[in-house]
Each structure stands twice: as structure tokens, then as C-alpha cells.
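Next come two complexes, and both contain chain A; in the first it sits with chain B, in the second with chain C.
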Partner chain A sequence: MSAGSFAFFMNLPTLFFLGLVLAYPVIYAGYLSVHQVGLAQLRRGVFAFNGWDNYSRVLEDPLFWIAIKNTSIFTAITVGSEVVLAVLIALLLNQTGIWTSRITRFLILLPYAIPPIANGLIWSFLYSFQFGFLNRILFSLGLIDDPINWAGNPDTALYAVTVPYIWRTLPFAIILVHAALQGIPRELYEAAAVDGARAWHRFWHITLPLLRPIIAIILVLRTAFAFAVFEEILAITQGGPGDATWVAAWYSYKITFSPPNNFGMGSASAFILTLMIGLIALVYMRMVYRRVTL
Partner chain B sequence: MFATSRTTKLMLHIANLMVIAFILLPLVAVLIGSIQSEKALQADTRRVLPLEFTLDNFTVILTKGEQKGRIFEQVTYLPDNIKNFYTAFLNSAIVAGSVTFLTLLFGSLSAYTIARQRFRWTLFLLQANIVARFVPVIVLMIPLYVVMRSVGQLNSLTGVIIAETGFLLPYAILILAPYFDTIPAELEEAARIDGCSRFSAFVHVVLPLATPALAACGVIMFIISWHELLIPLILNARPDVMTLPVVIASLVGDVHVFFNLMMAICLLALAPTVILVALLQRYIVEGLSAGAVKG
Partner chain C sequence: MSDEVIGKWELSRRRVLASTAGLGLLGSAGRAFGQSAGPWSQAPKSKVDRLNFVVWTYGDIYTRIAKQFEADWGVKVDSTISSFNDHPTKLTTMFAAGEKIDVSQSSPFSFPNFVNQGLVEPIDSLPGAADYIKDFTPFTKQVATVNGKTMGLPYFSAVWVWNYYADMLEKLKIDKPFATYDEFIEHCMKAKKDGVSRYPVLWVAGVGLEQLPGTWYQMTWNRGGTFFDKQGNHMLGAGSVARETLKWWANTFEKGLDISDPESLKVQFTTSAKAFGAGKNLYRGPNHHYGLNVVNDPAQSPIAGKVKVHGSPGDGKTIGVTHVYFLTSATRDKEWGWKLLQYLGGKTKDGNYTQAISLAKDAMLGSGYTSVMNSDAVKQGWAPWGDVPAILKIWDQAAYIGEVCSSVYQPWHFPWTDQLNIEVQKCLTGQITADQCCDNLIKGIADAKRKV
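Up next, the complex of A and B:
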């Protein structure tokens, strides 16, 4: 068998699944987004073409823009804090002479093991106004006199839901930075120490420049995924209070799967979200696989 | 690495303690929440540790609501989903097991050819996989719901397995391809000279060498699949085909379920993947780095 046909047969299952579950649905979502599709139409199986109607209805919906704004704030906060925390914690893990760093290294991957929806529910217990675990701790430490309504206050709810998300997704970023740190040759630091460079200078002039590629990768990957945040929102706030934590994926989900079940508008909004994330994906590809050879 | 002063050391210890406290906070909360009664949680809203502990929350879930224990004595209504714990656990295991098997099988076939056979279309396939990794689940789920509905595959585990396999396959390929690239091609060439076909050289020479990569990829696939909510949530609404995350999501906003019971079911749902992560940490770390940055 020639190399070409061998490669083709080896890839048949993948091509089949990519086509069935990724390419076809994305194209079909595009199709649905320019048709009028509700439950009644689904039952009959006939969709009427309605041009850009769904898109203009989405773009004229104030709630959609609130969702985009909230998603942007959510993404900026989570990605920004994750990059800073990942670098700091990875440096901490790299300390060989500190015995507590060994404990941290042992525990660091734990959040990766928690199902996102369970994580959300656990934090809704932590955040609960009346019965919450966080308020209990603060009471016991004597730090507060009255309970704080963490996720129920429209001014703080969006910030409150960033913390569980950061908690769950931070290990991934830390592991990437930590792996990159271990690739930096010791000689560089030793030479700098001989030259009398202080710790801060060594970090600024050696570590940080060498970490730049991995930081860029984390920025892009985490931005793309934070843009589609869903589980923590569902478990902790369900978009509330009011519209304070409506995010893009939650918008598409609610428009589609709760009455009046507008599949057309849902597809249109999901398509807009996909285009935005698609742009981020292109940036990522240029960055990592520039000369697409492995 | 360098001589550190006493104050620096102290600050590093404090920083570690803060990180450890942050990691453990939700885990301590779920543990303490799950071993007390609703009454204890409500009686004193300022206590961290209640006066008495109980395992009744777990008993009521694990006996499908038959043995209520002391704290649920007065309770007349329990959501059916709580009673369906075993079914949901089994469904989750079937889905995650099948998805892991299928993504490893198809993923290694693809990743191997992408790493070895450099045609224009295999490079394109690699790029397609990178882009595919970014596609948000929600945009897939709306059309998939419409399609599965029309072909009668709603409320079936098969539908969920197919959807998750397709969704995770690109990621599996991205994790595996760099590993296959590091296996020297000379080994297969030697096997081919001895009369092996391309396929049997792959199965008998390459795959055994790739065991660590398959372990790393497999455990990551299992974890993501065990955690997946949106796909089964949208495709499966009937209790007999729900997975654990769907059961947990169904408790959100149910006024009859208080935090103690929720925390108990969360703890039971997160235990399997926590054990996996504790046992296979090294493989997961390698797999995550391989999947994000090429080799």
C-alpha cells in the first residue's frame, strides 16, 4: 500500500467524526441562523428562510450586548489574573530549598480533577448569603460582623464568579509555565549571579523574556476558553442577579433551550461567538505552529 | 538554587501556605458541608464546624432514598435524580470509558500519520484539528440537538458518546502527535524491511513505545468526558440516560435540596477524577504540556 493511501485509511475515522460532529454542525448552525426555527417548525421539520433577521434581532437585543460586555470583563479578569498567578506560583513551585513548595506541587493539579458543574455548586455553597461557608470563616476569624452577599449583589456578582473559574483553570496555566521554567538553563542564572545581578533583575532580564512564548500561548488559549464560560454561571448565578452575569454562552443557551425556544436566534448568537473565538484561534495557530511542521 | 535569606524563606513559606489554603478552600467546604444536617447548617449560620456530624447524606443517596437516616426522617419529598445516583454514575462511566477508548483509537491512527506522513492534506488536517479545538460546545449543541432529534437519537448514550468523541478527537490528536514525532522512524523502517506491513509496524512497533503517551492522553480524555455537562445536558433529558454532571445541574435551583445533600453528591461525583489525578499526576502534566505546545 502506498504511503498516501495508508495515511488516508488511517485518517478515515477522524475525518468521519470531524465531519459529523464538528464541520457539519457548524455549517448547519450557519444554516439555522438564517432561518426561522422554533419548536413548532422543529415539529414540522420545515424552516422558512428569513435572511439576516436573526442576526439583526440578536444585534438589536440589549441583553446580547450586556452578555458580550460581561463576557469581556470576565475574560479580562480571569485571563489577566491567571497569567500573573501562574508565573508567580510556578516560580514558587520551582524553589527547591523550600519544603512547603513540595506540598504545593503535590496539590497543584487538584482543581483540574473537579467537575466544573460541581465546582460551581461548591462555590454557591461558599458564597451563600445566609448559610455560606465563606461568611462562616470570616465570622469565625472576626473579620466581618454582617454576612456579605457575594454572588447576590449585582455590583459584585460578576467578580464573584471569576474566582471559581480561576480556581478551576489555573493549574493548566501553572503547569505550562512550570514546564517552561525547567527548560531554562541554570548557567544563565549562574552567569548573571557572577555578574552581581539581583533576584529581581534575573527575573526581569532572564526569566520573563524566556517565558514570553508560553505566556502568549496561555493568553490565547485561556481567552478562547473563558469566552465560552458556562458551567460556573449556571451553578452559581444563572445569569443573575438581574442580568449582572449573563455571558455569551449562557445567552445562546437560554435563547435556544428555554421558552420561546428560538433556535434561529440562538444559532445566530452562537455563530457570532464562534467567529470571535475563531479569530483568537487563528492568532494561536500563527503563534504555535507557524511553520506547521511538528 | 541561591543562598536565600531568612526573611525571603519565611515569605516563600507564607506564599505557599496562601496557595495551599486557596486550593483547599472549596474542598474543605464540600467535605464539611456534606457531613452535617440541614438543621445544623441552618441552626448556627456563623459556625464553621457544626456540633455534630452525620453520614446520612451519603446513606440517602447510596440507598436510593430507601434508608433515610435520622436527618431525612421528616422529609417526604426527594428529587428522583438523587435516587438515580447509581444509574447516573454508571452512565457517566460508560460514556467516559467509551469516549476514552474511541478517542485513543482514532486519535492515535491520525496522530501517527500526521507525525510521519507529511502530505499537504495531513498538514491541513493538523491545522483543522487546532482550529477545531477552539469551537465552543454551545455552537455545536444547537444544530446537534436539531439533528439528533430528527434522527431519534435524543436520550441515548450512543448519541452522547458520538458527540463527545467528535468533540474531543482533535485534542487527543494534538496531545498524541508530538509524542509519535519523537519515536525514531528507523525502528519502523527496520520492521518494514523484515516484511511488516505499514499497519503492523504501527501496531507492533510504534504503539508499544507510545504507551506513556496513550496513558497521558487517555486519562485526560476520561477526565474531560467525566466532567462534560453541556453535551449530555442538551441531548439527554430522561433520568435513565442522565450522566452525573446533568444530575448535579438539575439540583441547581431545586428548593427541596439543601446544601448538605448537594455537597454530598458533588463529593461522590468528584471522587473518581480526584483519585485519577492523584495516581496519574505525572502523565496528566506531560499530556497537558504536549497538547498546548508542540513537543
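Up next, the complex of A and C:
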């Protein structure tokens, strides 16, 4: 047996299970999205085909577009912040001369170990208007005179939910960037130093270009996940106040799992979301994941 | 003379005691007879190894009733318990996935949807159902009867009341709570001006099926309005009571008089009671009466015993609601499912309304049965937390929520309520006016109907 065939057979179990747990639900949801599917139909397993009707109903729903707008803002803030912070923190962690970086390396992982829903609840308590720690700290420091309604004010609610999300997901990005930093050959920096390059120049002309591939991966993955943010919304704002924090995944959830349980429309909205994420990923890849020339 | 009187009284007392004991024995015997004759005491002919129910959480009542069922009938009961807001999702997901569900429960707002989607089994023809139906309160009849069929048994009933913090009122030198909405504003403004309370009123305006919507329904009904007329036409147009009520309500928030606690927009029934227990607000309401068992519970509230119940202005009209348990169409065995349903919403093997009575005693919940509401279980059970006669007086002035907002009987009410929550919160936070809010809701009726 050739090495290629052997590799193929060795991968078959993985492919089978991935197909079972990933591809099947996706394909089935696609099937549901072009059918009229309520609760009773889903239980009976008999659905009437309704073509693109679910898609057009989603696209005509103003709330869907509000959700997309909120999701885009949320994604831009969280992904942008994550990339910048991850690079900065990973650079600090990479400083072997700083002894605290070893402790920090461990501590930085803690938020990532917290379940998303628990994270949402923790921040919900922190944000509490009259009894929250955040207002109490700010008040004690003399920074505010009256408590701020972080999650209950339509002007601040969306931004308020970005913070817990960034706090939870940032370690993932830091780990990736840190790993990439460790893979950059030291000779490049030494050569640059010999040429008289300053720290900023070394970062700009060596570090950043070599981090591009990993940044592309972070952008794609984090955008996909941020577009699907759900737990923090559920725990902190439940979409409110008003529609200030209705995001795309919350929209799909409500359409699907709240009476009248329109599974077809919910699947259609999820597919539209997938398409959007796919397009954004393509743009990222074209923009960022290009050949690095030093 | 006096001795003679005492002797006669002693004699008569003995006689009375003896007679009472005799009657008691007879009563017990009668009940025992009733037990053996009552359908609730007879085992179904079929056999099952287990049953289950899907409910929302409330203390340990479900653990207790499941244990009692198992002890009485030797059948294990599995429970799936989620939060109130997550319950419809949990139930419908399990139903869609083809799981067996014997008994579940519903708020009146989700119930028409569940019935419409074929999740609920009618119970009229089941043994003993007629006796239950005779004992239903008017609220229960309105909720449990769908298209002429009885679809469930009552879980609990509640009416919307106001609460006030008596010490704070005293501090303000106000001798009694508000009797008009103008007085309400006056009291709140005084509390704010005197520095007694920064946010004198805590509303229940968190997103939900009956939280934020219930507050608006109640105040609209109290002022003589409804949301739909008898023909089902909306009553949200210009000059309508509902619209004017919303204008008044929105004006109490930040962009207006700024007397409403901003937490109002997040809190649900119990969380609002807990927040009120911090003693920072003067008024709380209008919402479910049983919040008193939180704010007047020393274990949960620093101001326990100092929170009083209060009726609504004017003629005191308020609203009430009954939540129901129902037999699902996904039951593994209809007879046994009915048996379990009765343990939750009817009588246990001993012929008592065990669950309804313990809910009244332990949780201050009202019952959907007239006999329980008239019993000592309510009068004595509620006493530790509030003025029972005052609450029962308010109870008598309550109309079922469906009279205020008849869309609760419609499957489209649920998606419309989603929109209502959004629009009203936008209005209360000053993003849109009450007029825009009501106009959007009028347009939303057609959209909600299309979603069903």
C-alpha cells in the first residue's frame, strides 16, 4: 500500500465522525431551510417544500437586519481588539527576560477555561446597575458620581457585552500569536540589529509580516465565532434593552426555538449568516494571507 | 348561678367536642370512602416502568411530588427542569426530537401555541376530569379551555398588586400609599427630592411573556382600557388608553421624571422582589402578588416585614393569570400520564390537592381551584408574608389577562410579544416615542400572524 493510500485509510474514521457530527447537521439544516417546518412537522418528519420562501421572509424582516448590524459592530470591535491585544500581550509574554511572563502565561489561560455562559453570568453581576462591582469600584475611585447602567442602556449595552466576550476569547488568540512568535528565527532579529534596525522597525518589518499567516487564521476563526456570539447575550442582555443587542445568533435562536418554532426560517437565517461569514473569510484570506517577502 | 352556667357550658362543650370528633371520624371515613371510589386513587390498568415531566424550576416542589408519586404507585418519575424563560425552548426541542414527554406545563401565553402545534392532549374524557372542571376558578376555565376542550389542570394563579416599603413612606411623612396615579408621581418625586430614594419606583419591565407586557396590561386595564376589542381589533391607536398609559409610564424613566429604577428593564418577578428587598425603592409593581414571600422573608430580604401590599388606583381593577399543567401528545401512556398530571395539577392518591395546597403554604401561590382558594391553606398559608384579606380583596377585583389582551388566545401572540418587548423597552429608554412604539406594534400584528 502506498503512503498516500495508507494516509487516506487512516483518515477515514476522522472523516466519518466529522461528517456525522458536522456535515450531517449542516446539510439537514440546509434541507430544513427550504421547507415549511414547524414543531409538529418536525416530529412527524414530513415537510412541505417551500423553495426560497424562508430566505425571503428572513431578508424582509427588519429585525434580521438590525441583528446583522449589531453583529457586525460586535464582530468588528471584538476581533479588532483581540488581534491588537493578542499581539501586544504575546510580545510581552515572549520576553524571556521578564520573570512574570511565566506566571502570566498560566494566568492568561484562565478566562478561556471558563464556560461562556458562566462568563456571561459573572459579567452580568459585575455590570449590575445598583449592586455591581464595576460601578462600586468606579464610585470608590471617584470616577463616577452616579452608577452607570452598562447593560441596560441602549447606548452602551452592545459595547458592554463586547468586553466579557473579549475577556473570554482573548487567550486563544494570545496562544496562537505567542506560538507563532516563538517560531520566528532569531537570526532575522540579529541580522536586523547588526543593520541598526530599532525595535519598532524590527517589529514592523520582521515580526508583523511573519505573524500575518497566524493573524489571518485568528481573523477568520474569531470572526466566525464572534458572528455566532450567543451565550454572553443570553446571560447579560437577552437582546435588550429593546433590540440594542439582538445579534444574528440570537435572532436564529428566537425564530427557531420560541413559539411558533419556525425551524425552516431559523435554518434559513443561520445559512445566510454562514454565507456572510464565508465571504468575509475569503476577503480576509485575500487581504492578509499572502506571500511574505522580507 | 355562674357555676350552673359553667356546668352547662362544660357540658355543652363536651357535647360539641364529642360531636365534632364524631363528625371528624365520619368525615375521615367519608374521605376514605371517597379515596377508594375516586378516580385519583385507582391504578391504571396499563403498565409503565417510568414517567417524566418537563417543567420550569420552582424550589423543590417537583422533587417532592415525584417522590410521592413513586411511593404511591411504584413508578419512577424523571424530571427535566429549566428556567421559566427557557422552558418553551426546552419543551419544544424535546418534542421535536421525538422524545417521550408525559406531562408539562405552560404559561397562558405559550399555551395556544402548544395546542396549535399538536403538543397538548385534551383531558375532558379522562376519569375524574369533570370534577376538576367543576372546581376550576374562572381564570382557570379561561386558560385551560381551548376551542371548547379542556386542555390542562391549573398550576397556580396570581394577581397583579403593588408593594410599598412602609418605613420609607413613614420617613416621607406620607400616611398612606397612593390612591391615584398623580399621587403616585407626587410620592415618588418627594422621595427623590428629599433624598430618601434616588429611584423611588421599581417596575417589572424585564423582557418576558408577562413581565414587561404584564405591567403595561395591568396599568392599561386599571385605567379602563384593553389591547384588543371583542372582535379582535387592536386598541392601540391614537388616544387609546394603552397608548396614553405607555406615554405616562415612559415619562417616569430617565428621559422624563427619572423616578424609575433603571434595573426595572432587567428584572423579572422574583429578581425584582429581591432587588426591592435592598430597601432602596418606595414602590414596586404592579406585578404578581407572591413576590411578597421574597421581600417579607427574613432569610432573603433586609426589610422583611416592612413591605405592604397595595391595590391599584381608581376602582382597583387589576389582572390575574393562571398557569397550567397539561398532558402531552407525546406521552408514553395516556392513563399513567393523566395520573401524573393529577399529581401536579390535581389530586394525589389520598384525594387531596396536595401540590396546590403546598404551593399556597410554601410559596404564597394562588390556586386555580375554587375549593383551595376558599380554604385555610390560603388564609393561613399566606399570612406570614402579607395582609391576606387585602390580597383576597384585590383578587376579587382581578380579571383574567385575556380580557385585557385577547391575543393571548392566538398562536401569533408569542411572536408579537417578542416585538412588544423590544418596542416598549425602546420607548422606555427614550429611543422611540410611545406613539411610534404603538404604531410599530400595530404594524407588527400582521407580521406576527405571518410568522405562525
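We take it that the second predicted complex is superposed on the first by the 248 of 294 C-alpha atoms of A that agree within 3 Å, B and C clash if a C-alpha of one lies under 4 Å from a C-alpha of the other, contacts with A are read in each partner's own complex, and residues count from 1 in each chain.
Here is the rule we go by: a residue touches a chain if its C-beta (ideal position, glycine included) is under 8 Å from a C-beta of that chain, and two chains touch if they have at least 3 such contacts.
None of these values were measured; they are calculated from a predicted model.
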item	value
Partner with the higher number of touched chain A residues, chain C or chain B	B
Chain B versus chain C as contact partner of A:Leu42, first or second or both or neither	both
Touched partner set for A:Leu59, first chain B, second chain C, both or neither	neither
A:Gln130 touches, of chain B and chain C: first, second, both or neither?	both
Which superposed partner A:Asn119 touches (first chain B, second chain C, both, neither)	first
Chain B versus chain C as contact partner of A:Pro154, first or second or both or neither	second
Touched partner set for A:Pro241, first chain B, second chain C, both or neither	second
Contacts of A:Ala179 with chain B and chain C, given as first, second, both or neither	first
Touching partner for A:Ala281 - first (chain B), second (chain C), both, neither	first
Chain B versus chain C as contact partner of A:Phe263, first or second or both or neither	both
Shared chain A surface residues [contacts with chain B and with chain C]	42, 128, 130-131, 238, 257, 263
In the complex with chain A, residue positions of chain B that touch it	1-2, 4, 9, 12-13, 15-17, 19-20, 22-27, 29-30, 32-33, 41-42, 45-48, 105-107, 109-110, 112-115, 117-119, 122-123, 125-140, 142-147, 149-150, 162-163, 165-167, 169-170, 173, 177-178, 181, 197-199, 202, 223, 226-227, 229-230, 234, 244-245, 248-249, 251-253, 259, 262-263, 266, 269-270, 273-274, 276-278, 281, 284-285, 288-289, 292-295
Chain C residues within the chain A interface of the complex	85, 88-89, 92-93, 95-96, 98, 110, 113-114, 116-119, 207, 261-263, 265-266, 275, 278, 280, 330, 411-412, 414-415, 418-419, 421-423, 425-426, 428-429, 431, 447, 450-452
Residues of chain A that touch chain B when the two form their complex	1, 3-4, 6-7, 10-11, 13-15, 17-18, 20-22, 24-26, 28-29, 31-32, 37, 42, 45, 88-89, 92, 95-98, 100-101, 103-104, 107-119, 121-126, 128, 130-131, 133, 135-137, 139-140, 147, 164, 167, 172, 175-176, 179, 186, 189, 193, 199, 214, 217, 221, 224, 227-228, 230-231, 234-235, 238, 249, 252-253, 256-257, 263, 266-267, 270-271, 273-274, 277-278, 280-282, 284-285, 288-289, 292-294
Complex interface listing, chain A residues touching chain C	38-40, 42-43, 57, 61, 63, 128-131, 149, 151-154, 238-243, 246, 254, 257-263, 265
